[in-house]
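Chain lettering (A, B, C, D and E) follows the sequence in which the chains are written, and residue indices restart at 1 in each chain.
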Amino acid sequence: MKYGYFPGCSLKGTGRAYEESLLPVLRHLGVELVELEDWNCCGATAYMAVDEGKACALAARNLALAERGGFQQLMAPCSACYLVLNKTQHYLDESPAMRRKVEGALGTVSLKLSRQTPVRHPLDVLLHDVGVEAIRQKVTRPLSGLRVAPYYGCQVVRPYATFDDQANPTSMDQLLKALGAEVVDWPLKTKCCGGSLTGTLPVAGLRLAYLLLKEAKKRGADAIATVCPLCQFNLDAYHDKIAARWEPVRLPTVYFTQLMGLAFGMPAHTLGLQRGFVPLELPAPTAA
Amino acid sequence: MANGNGNNRTSPERRPRIGFYVCHCGVNIAGTVDCAEVARYVGTLPGVVLSRDYKYMCSDPGQELIQKDIAEYKLERVVVASCSPLLHEHTFRTAVEKGGLNPFFFHMVNIREHNSWVHTDRAEATAKARDLARAAIERVARHKPLETKRVPIKPVTLIVGGGIAGIHAALTLANAGKQVILVEREPTIGGHMAKFDKTFPTLDCAACILTPKMSAVGAHPNIRLLTYSEVVKVDGFVGNYKVTIRRKPRYIDEEKCVGCQDCISACVFKQPKFTDEFNEGLGKRKPVYIPFPQATPQVVAIDSNVCLNFRNGPDGSRVVSDKCKKTCVEACGDRNAIDFTQKERFEEIEVGTIIVATGFQAFDAKRLPAYGYGRYPNVFTALEVERMVNASGPTGGHVVLRDGKTEPKTVGIIHCVGSRDKKTNRWCSRVCCMYSMKLAHLIKEHTHAEVYNFYIDIRTPGKGYEEFYNQLLDEGVHFVRGRVGEVTDWAITPEEEGKLVIRVEDTLAGVVRRIPVDMVVLATGLEPRSDAQEVRRLFNMSCGSEGFFLERHPKLAPVSTFNDGVYIAGACQGPKDIPDTVAQAGAAAAEALSLIDKGYVEQEPNTAFVLEDECSGCKSCIPLCPYSAIQFDDARGKAVINEALCKGCGTCVGSCPSGSIVQNLFDDEEIFSEIEGVLAYE
Amino acid sequence: MNKEWQPRLVAFFCNWCTYTAADLAGVSRLKYAPNVRVIRVMCSGRVDPQFILDALAKGADGVLVGGCHPGDCHYVEGNYKMLRRYHLLKRMLKDMGIEEQRVRLEWISAAEGHKVRQVVNEMTEQLRALGPLGLPQKFEEWDREVERLAADVHAREAADAAAACAGRTSAEEVTHA
Amino acid sequence: MPKPKVAFYWCASCGGCEETVVDLAEDILGVVEKVDIVLWPVAMDFKYKDVEAMEDGSIFATLINGAIRTSEQEHLAQLLRRKSRYLIAYGACAQMGGIPALANQFPREQVLRFNYEEAPSVDNPSKTRPQTVVEDNGRRPRLPAFRNVVRTLDQVVDVDYFIPGCPPTPNLTKAAFDALLSGNLPPKGSVIAPDVALCHECPRKASKPTDVAFTQFTRPHLTLADPGKCFLAQGLVCMGPATRSGCQAACINGNMPCTGCFGPTSRVRDHGAKMLSSLSANVAARDEQGIRQILDGIPDPVGTFYRYGMARSILRRRVDLGVNGNGH
Amino acid sequence: MKEIQRTIKYEADRVPGFGREVMSVPGCEKLKDCIQCGTCSGVCPLSIYMDHSPRQVMALVREDFKREVLSSCTIWLCASCYACTVECPQQIRITDIMYELKQRAIQEGFYPKRFPIPVLAQEFNRMVHDHGRISEGRLVTKLFLKTKPLEAAGMAGLGMRLMKTGRFSLKQENIRDRGDLARIMEAMDAPASGGNGKD
């Protein structure tokens, strides 16, 4: 299995640990990722607020690069990138005028968009291409006793529910169970973490993060597992501020790929676990 | 010019005298089409001796005008350009006939539904009307005199579905002395209404008004009740349908069972333990059961899926295992009504008319995960609550939480669940506002709880309905205008702990609210039954885009279908409440009655016939007829069409390679002349 | 007509589904292109390929056949028969130089008034893009070579009567280059 | 009383029709006795001038065979029309265009190029083509112009009767003569042959099932036909059901399916369309793919259904070919 | 005491055509169908901070209250979580409409100057435009300096800790073919097929 890999800006910055865990885990499962050559920022949601056309072209350049690179599929681990690339494809399909314009613009640098390159999220690939069973078989150190609250965030299943249910996704739940973890069922799986507002409007952004952490803790979670660098950062970085405003709700937030790595027996530091502010503590392995 | 194939028959020897009328339909047509111009133009066409425009052709003076003109102008053919022939062809044929002409010396041009209503440009619409009229003039000149056939009607009516609609229609017909066969899929009739405790807006007890009707059906000498049965095949046509019915084995001889229920008490299962469908899964029943005390017929049924006396056969079906002690049989004793050897049976019946009253199904609340049905135990559907408030229901009339004992102190009723939502069903289900208020009232009465109703709009367009709404306001029920965003067990504030929280924008107050409640009731909407498409095919009906059966005309023929002799009534035609259902059922019965009393139906004489001398006997047409109307006459080596069987589809006509089949009203030359007519432009 | 060219679409609609759908479009006041002329038949199975050819030959730019969805035919399966004819007819028409989009078979149920609108609009636009088929004009044009000869023969006979072949070529005679 | 004058003429044809006239053998003698043949290029030497000199309407009957493709054929058709009381289209080509009309699928340029340059048997390095006018030692002989469209006779001149067949059978020919000479004539424009399709007189008729549902089609050169069984029942396209009888099922008796040379019955406007309609309606499959697969067994619908009738058909000719010459 | 304000709207307060304009943008057409059910506000995680709820914004747009809409903080609070879009019973793409309104607000200079969200959007774009990629550290720093110079100091602690865990850097990331990117963006600016190519 070979996929083009679009890391996006975050996985090179604040979300480094995501990449650091994703790559070895996928390699371990026989999935080959080839980084898209000279990719650019996906445009993210911020760009759309200023110029939808340019946002579209920006994302489309990446799709065109994938096509040039001969990739049949493109993997985008960051929720925002995943959404924006998918959205661009929808938009180009729906609006022939936009497609003409974007194709024209790409044409000026001899890039073209002649086919659909499906954009896939790692969760999707792991669940549907690799399969839970294959993952279960690789588990050497089951996460028994670890209670994890799966947190999908808003943009992986919304608005394009391509691989999981919009209101109650379960793909990560299945995965975590395969790793031996105990899954905490909670109704906040897809609630917004406030990430895009913590920096700009902390009253609103931080409160959302606070409520999430508080509820996870209340339901007995030892950790929150996330699929998005923004969410991870947001739930991990502001514990002090949250404590100052409301109450301390310290709880580690890790990438699901980090948990996979641990369950596969990879050492924590090779998975970027040292980068989190709130360290993850694993329960002692049970005798069984 | 001859066509080189020796065909000299393209044009009639002499043009008959044609009269043409173009209808204004008030402004419906005249608003878009220049009717005077159409009349003027058609007046110039060969053979047209009279051309008029008139305000309302279908009105009495309009029809009389035609009759008068036929006499005065010696008209031999008549063309009317007005609305769809499906609407008024019959009207005008009758007028032409009254005027002394053969009714088929008439043709109708649709310039309303196909023209004035769908186009805006006056010049274009007028040109189109001219083209269509010209084609009709060409065509009508070639019309031949025809006679309508009369087919006798079997005076028996099949009614499919024994909800309130089917029950009412059956009784209406039976009381008029007509034979009725009522087929119901479940072990008892009653439909949804049998599940309710009270009915809005008068809050009369459902059982009190329904039970007498059910027993009347069971006892009526003119009604044959076939429960636990389904229609599997329908052949024939209006007046003469042959229907095959599958009778599922209930393992009880209906003739012998007296409904004593001794078997139920004696069953080896001491406690009821299997899901009780009638109680929406809230209660339990035994393998031998009767759905509810007033079930009709008063006959038990054995559920072979759970009865110990059955096991899985090699093909997955259930076969008798004879493993159970059969205490039920013992209890039944001499009555000897239990019969484990019963097999599925097929029965063929002959009927003249059919009323389909298969009702609706409630929207599956699981399809909207945001409302948590199936996830949070204390989210209920309305039907569950209907059962709970029913004194003979699973909780004995107590409204309680899923734990079976706690009474709720606050209840939120969410309207429009699955309705008015493009992601699920886009229509308004019409009864949920009213039944939500009914439930609000009943819950309050039973528990004194605070009740919140969450609605998009309150729709109370019925007699006494708005008054009922007012009554509820007076009772202090909360009405929050806003479609609920979500139901969650996520508590943010202390008073939310342990409750279900409804998050909603109170659009009237202009604030987002979180309202903690003990119980949520989902007012699930009405939708077509999941097998509606199969039923539709069975009876050759159409479905609207939502999937409810399509009536012939929403205003003028609301219970007729496009298949003559097949009528629809009740919620299978669209969401409706009991008063409307009963009104429709009465209307459907009246339609069937009027056919039966007339004694015959007139059939369009659009049948096909083989030109005897010209058929080569190539047999190409024979397999094409869906009704096996074409037979091969071995002695003469020719094909012959049995006119009584031919329904006039014309498939054989279009396929006879030597052009030796003619279809009345749709003859080749008639259609060729129409083609030429619509295309011959200046 | 000195107006700009408008495509002409002849449609054969079955009585039970598509004709009714077109009525429904009317009742729903959906607006669509006025270029279509509907001819009612009882069943799409009645639509003889001759009708389609004849319509094209008489000046239609395209022909639409509308029937009930498979499985829904009022006459059980007349629509299947049309579907089969359609497949072979399309191949034949292609070989005769008629563009694919000019003849179309659509299943439109009685409830699909919007589909009538959509299909008629779509086809009208496709025909507009294709331009006129203009078979009557083509036939006339083809036959003009014969008429020209008739006139020419007439003239030549008159001349021949006067003199023997004088090496004069008629305007009609073109080289076979 | 002078014997009626009769003329035979051939246009775009293979000569087969002339052959039938000869085949009348002893009967021809009887005919010759009763008539004066004034023009018969294939058998006797007459000059056009002689014909031109005749009085209009002085020929009793002229039988023209062959389709019309050149200006000369048109000219003669018009001439003979004027001179004759009865003008009879003789044979499939005159009636419906016949085999020559299959050329209506191709642009004239392609026909000429192939015949004068590309055909494997042609050796023409200078690519010379016939010219309507050539300079030759001061003489300027003329050749007829080659038309864009192959026509039936009645698309050029008014025709009184049609005698179908490729070629017409001696029986039919004789019957036609008898009718003409006895004055016992059908209405003008008639096809002189029974107006019932061939199955009627086909010896295999009884073997045709009443529930034919085609699951596949094959072609005569791909299979060994059962000589006793209806061809359609064997999946071989037989045009018999759509084609006039009168041929005494000659092809069928030679174990070849009917290819339709007698043309359609009077009730049909387009021979090919009608056969196509009947045949495809009886295909067994119900899904698009199955239908397509079965019908693909008829690889050349135009050649199959319009073998003789292209010029007569509703479309007459491939419609996207240019008129003036080269098409594309 | 609370200040008393007149809240009546006169016809002159409307900008006729504004609603139609917004609804003509692809993706925003369905706004016409809003039945004011409030689901969007009901599910919106941020509606509780908004001056006009998403539902109200729909109504205001449809009725041409341009000023009220474009100066509303709602559009800047929208976190693009798509909850409303997914739940709206009329399938209105509320999130896309919010984007459209943000663009218009920026184009028409309607947003509060120091309100950080539009500034972030613009800074973000500038960086992408110039470098092809975002360097999160630089972006955030810039943002704080621009909007809340006083708080920037307070954030320094977080920055330091991020730096410690290797997640913060002030290095500017760049793509190789920056020229290409510029050319693409230029082409998108060209008015060729009607403005921003949305028609």
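Before moving on, here are some points about what is shown:
Operating definition for what follows: a contact is a pair of C-beta atoms (placed from the backbone, for glycine too) under 8 Å apart; a residue touches a chain by one contact, two chains touch by 3 or more.
Quick caveat: nothing in here was measured; it's all calculated off a predicted structure.
In this assembly, A is the chain whose CA centroid lies farthest from the centroid of chain C.
More inter-chain C-beta contacts link the pair B-E than the other of B-E and A-B. Taking the mean Cα position of each chain as its centre, D sits at the greatest distance from chain E. Averaged Cα coordinates give chain C a centre that lies 26 Å from the centre of chain D. Each chain gets a centre from the mean of its Cα atoms; for chain A and chain C, those two points are 57 Å apart. Our note on geometry: chain A versus chain D, Cα centroid distance of 75 Å, whole angstroms. Centroids built from CA atoms put chain E at 53 Å from chain C. The residues of chain A never reach two or more other chains; the list is empty. Residues of chain C in contact with two or more other chains: 45, 48, 50, 54, 77, 81, 85. Within chain D, contacts with two or more other chains are made by residues 268-269, 274, 277, 279, 281.
Here, these are the chain pairs in contact: A-B, A-E, B-C, B-D, B-E, C-D. By the touch criterion stated above, chain E contacts chain A in their complex at residues 26-27, 45-46, 49, 77, 79-83, 85-86, 93, 95, 99-100, 102-103, 106, 116-118, 120-122, 124-125, 128, 132-137, 140, 143, 157-158, 161-162, 165-169, 173, 175-177, 180-181, 183-189, 192-194, 196-199. Within the complex, the chain A residues that touch chain B are 165, 167-168, 186-188, 211, 215.
Only residues 370, 420-423, 456-457, 481-486, 503-507, 510, 512 of chain B touch chain E when the two sit together in their complex. Those residues of chain A that touch chain E in the shared complex are 9-10, 12-17, 38-41, 43-54, 57-58, 61, 91, 94-95, 97-98, 100-102, 104-106, 108-109, 111, 154-155, 158-159, 161, 166, 190-192, 194-197, 199-201, 203-204, 208, 233, 237-238, 240, 274-277.
Of all residues in chain B, those touching chain C in their complex are 84-86, 110, 112-115, 117-121, 124-125, 127-128, 131-132, 135, 537, 540, 542-545, 550, 562-563, 606, 624, 626-627, 647-651, 653-655, 663, 666, 668, 671-672, 674-676, 678-682.
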